[in-house]
Amino acid sequence: MTQFLQATVYGLLEGGLLALVAIGFSLVWGVMNIVNLAHGAFVVVGAYIAWKLNETAGLDPYLGMLAAAAGLFAAGYVVQRCLINLVVNAPIWMTLLLTFGLNLLIVNGLILAFTADFRAIHTGWASDSLAFGEVRVPYGRLAGFALATAVTVGLVLFMARTRIGLAIRSTGMDRAAARLMGMNVRHVYAFTFGLAAALAGTAGAMLGTINTFSPASAAGYTLQSFVIAVLGGLGNMWGALAGGVLLGLVQSWGGQYLSGTLVNAIAFGVLVLVLIVRPSGLIGRPYYEARAEA
Amino acid sequence: MSPVLETRGLTRRFGGVAAVSDLSFSLEEGSVLGVIGPNGAGKSTLINLITGHVKPSEGSVLVDGQDVTGERPWTIARSRVARTFQVVKPFRDLSVRENVAIGGMFGPERASSARKAIAQADDALERVDLLEKADASPGDLSVADARRLELAKALSMQPRLLLLDEVMAGLRPGEIQPALDLIASLKEEGVTILVVEHVMKAIMAVSDSLLVMHEGAELARGDPETVMRDERVIEAYLGQRYAERARKDREG
Amino acid sequence: MLEVTGLSAGYGQVEVLWDVDLNVGDGEIVALVGSNGAGKTTLLRAVSGLIGASGGELRFDGDSIAGLAPERVVGRGVAHVPEGRRLFPGLTVEENLKAGAFAQRNGADVEHALELFPHLRDRLSQVAGSMSGGEQQMCAIARGLMSRPKLLMIDELSLGLAPKLVEEILERLGKVARLGTALLIVEQDVDAALRIASRGYVLETGRIVSSGKSAELLDDPRVREAYLGIE
Amino acid sequence: MRAWLPWAAAALGLVLLALGPTYVLYDAEQRTLGSVFMFVVLAQGWNLIGGFAGYPSFGNVVFFGLGGYTTAVLMVKTGASFFVTVPAAAAVGLGFAVLMGIPILRLRGHYFAIATLGVAEGMREGVINLPGLTGGNKGTTIPAVGEKATASYPGNTGFYFYFLILAVIAMLVVWGVARSRFGYALRAISQDEDAAAAAGINTTRAKIAAFALAGLLTSVAGAIYAYQQVTIYPDRLFSVDITVLMVVMAVLGGAGTVIGPMIGAVSLQYLSEWLRDNLTDYHTFVFGAIIVAAVLILPMGVVNFALDAWKRRRIALFQAVRAYRL
């Protein structure tokens, strides 16, 4: 029983972070109909930024996280504005190839810069834990979960309340109409992509304090983002949170009771099943489905 | 003899809204039925239901007395039911001739090879007066020619029942007459035709009977002159002004 | 106010408009009529910048607006209510209206639009995609007015609407024009369009074939034959 | 152009390739060419489903891996001869494509791409987690030499010819498809599925047939590859990178054409070898840059680009940017 509770706690907390990893991916897919295969690479870049600032300047990873978010926002903005916007209406294999190429560039760039070794960000307190009876709740994971939830809430508010949030939602539903309203769609797209990259970077920095990472971790994060985005429904922020927690729990329970990496196979099985049975996701999409592209 | 087309209580709901609701009518061989109604009245959905592109929520579709409800579109197409699409759907990377040849390859009288079908495609092209542009790419066609191609693709299926979804939309007044002539000559050959159209003059000219749809349901049906005088039709679709003008013009 | 001279435009390789001349004066209502596919929508799209012009001149208030992106054109005071309404289906009516005021940097004045379309007041928090066609069209026009345009272009005003509703909307538009916004209305119901417009243009396969005062056009036998379905 | 000219060129090329190992090519060159031939097969397999039918599979590697593991497992567990395992691998590839295609080919666009990716990744995890059968992560070793071997190991020249023959078959298959009714059906589907169905095309059957053909060719390539490698690992045989290579080769050569994927496979495989030799550390990095650049500059592929230049007398670089930019 304790084992099960412990697994549940870990899964829940990990799930919050996974949601933070995936939320930007889901947003970009929902709003722009782009599946960003470099998303996982952004997560890892965030982890490296926080790690490097911690190693060289002794910066606390939670401050480094802000630097990672800012840096990735700028990078994401530029990538979308100068690169992806150029082929944004192309058949999907073209954008898939483009972002895959970007992924190769980033991942191998990281290997060249930092080698392929595994890294970890060491903090004094992240591995300490609260104890509820036999069940341990590490501070680092708890903070990660709290932050992920806070960011999700913040993002929902941001999209609902701000001018740019309104522009992002409008553009995602009808691009031509959005332009007629005076929205600069190129900027809106770039901003959305930058936002997604910043969220990925935040998640990466956070994950770096909990797990080890290397450039090769990127692919795993991209795949998990797929699963979560599909589970939660494209562009659905609450859906991403729910999908992340669900995946976290399944992986954690699976890890407890199943051998080896079979749990990954289950995650992909669930992904394919959801795609076939209910492609709009378990929670559904906020009207991006009927997007008018013209 | 059973009618070429019969629908019984045909209904289709999207979400909670009925796009087509409880339509029952039949069409005898060689007759032309005009279907009119405001946009969103369910006219295109009706065609989609007959061809199997959309599955009915309730009711059934019979072609030549045989129940084809729930059959896949290609099965229905091969039983000589051909259609055009309101939004033209050319195969963009094929030439105009190859577009038409597809029907010859997979239609009811399938050619034994792709090459033969391509050689036979010119008949249908000639009928719609598009032979000159046989080697062009569909993307380079004008609106009117794109409509002609759509029609030629349907004709290449050697239809007994032809469903035309706004084939005259976008045509100049002068271009409408040849289309009407074509419909008349097909009718003479015994082809049964269902025409969805907005151009009232055109639809009045070719239809033996008229079906007015409104919010998915039948509003009126019968011979064109009577239907056009129907108060409900005037109210929901034509508008009072049209009716008055039409009346005045007839009298004066 | 809007001066279109010798405009040609199209999509990719296919030209749709040739050498089109058209003017709209201050506070005027002008109808642009013609059959489906004649190029009416293309003309509006070219004016609002959604597609580029391949030739000719576009001027608004004396300044060239040719080649401007649509988000800039709306800033100059030209609003475009596109064919099929194109509301943001997942946003509420209020959010749609606010989106309409996006080009207005000094905030959204929802009240102004609600005065013209009071029906919408009860619908403010309803999701736009779930409204009826008529309500959506009113919302779309109201959204177009939110940017306080000098010229409002409406494409396919009556598309899918019952005649009664069209009458009602046309009446509102008369009020809009009296308040100082010029209107360029694209409409298949030639009769209705020419009744509220002071002038009209007839577009046929990409060319203006006839233009003049509404009353003259309504009596033009060619127009009557081709577009009114009356011989 | 005279009709026999391309055939004469192809025949001449084949004769040269057949004589190559005996007279000109070093072992290493045979090995490189063998892998070029293999990628011709993989790219053509993708071309059938992604190029002709327009269903961008991002999981075709699943057939490659299944074919390889079928051969390996049969040779290890039953001591079967390689040639017996090839039809088995082909059957597994074909059968799995049909089974997987029935539900998944109903999905379109991104959803199809991701579902195929999910199947491939899931299959890899499945293979890893059946160590009794597959050796799991540690891989499995085919008894290629020594006492347990059933035949003498073919060596570089042998595999050169296996891959060459398979590549020729793949080229002929695609050539045949391109001019057949089936090929027209696939092209019609890729452009408008509703219109294709209205023209009497059984779209479900055509898509599944294309997928099955792709699965068959790809799994046989996987079988030969496994035998060549002797020891195989799930991470290598189910690597996403192989799928991406297929896509890049087919697309940059010219998806939906007959010779495009061949041109793509030959040039990119050689480019990749050259980068590996000359820019050892940077080669994947540069490869990424090349993909990005190619998508922007030559998105329709070399063959379509050349055809366009020939027919319309224009050089249309950056065509995608012009057509698809925001």
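The chains carry the letters A, B, C and D, assigned in the order they are written, with residues numbered from 1 in each.
Just so it is clear, a residue touches a chain if its C-beta (ideal position, glycine included) is under 8 Å from a C-beta of that chain, and two chains touch if they have at least 3 such contacts.
Predicted, not measured: the structure shown is a model, and the values here were computed from it.
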Fewest touch steps from chain C to chain D? 2
Can you tell me which chain lies farthest from chain A, using the average of the Cα atoms as each chain's centre? B
Between B-D and A-D, name the chain pair that shares the greater number of C-beta pairs in contact. A-D
I'd like the Å distance between the centres of chain A and chain C, where a centre is the mean of that chain's Cα atoms. 42
Please report how many Å separate the Cα centroid of chain A from that of chain D, as a whole number. 32
Whole-Å distance, C-alpha centre of chain A to that of chain B, is 49
At least two partner chains per residue is the criterion; list those residues in chain A. 185
Touching two or more other chains - residue numbers and ranges from chain B: none
Two or more other chains in contact with one residue: find those residues in chain D. 323
In graph terms, nodes being chains and edges touches, is this line, ring, star, complete or other? ring
All chain pairs satisfying the touch rule are A-C, A-D, B-C, B-D
Give the list of chain D residues in touch with chain A in this complex. 50, 56, 58, 103-104, 106-107, 109-111, 113-115, 117-119, 121-122, 125-126, 128-129, 136, 240, 244, 247-248, 251, 281-282, 284-285, 287-292, 295-296, 299, 320-321, 323-326
Per the touch rule, the chain C residues reaching chain A in their complex are 48-50, 69-71, 74-75, 79-80, 82, 86-91, 95, 98-100, 102-103, 129, 143, 147
Please name which positions on chain B make contact with chain C in the complex. 38-40, 139-144, 166, 169-173, 198-201, 235-242, 245-246, 249
Considering the complex alone, what residue numbers of chain B touch chain D? 51-53, 72-74, 77-78, 82-83, 85, 89-94, 98, 101-103, 105-108, 110-111, 113-115, 117, 153, 156-157
State the interface residues of chain C toward chain B in the complex, per the touch definition above. 12-14, 16, 35-38, 133, 159-164, 166, 188-189, 191-192, 204-205, 225-226, 228-231
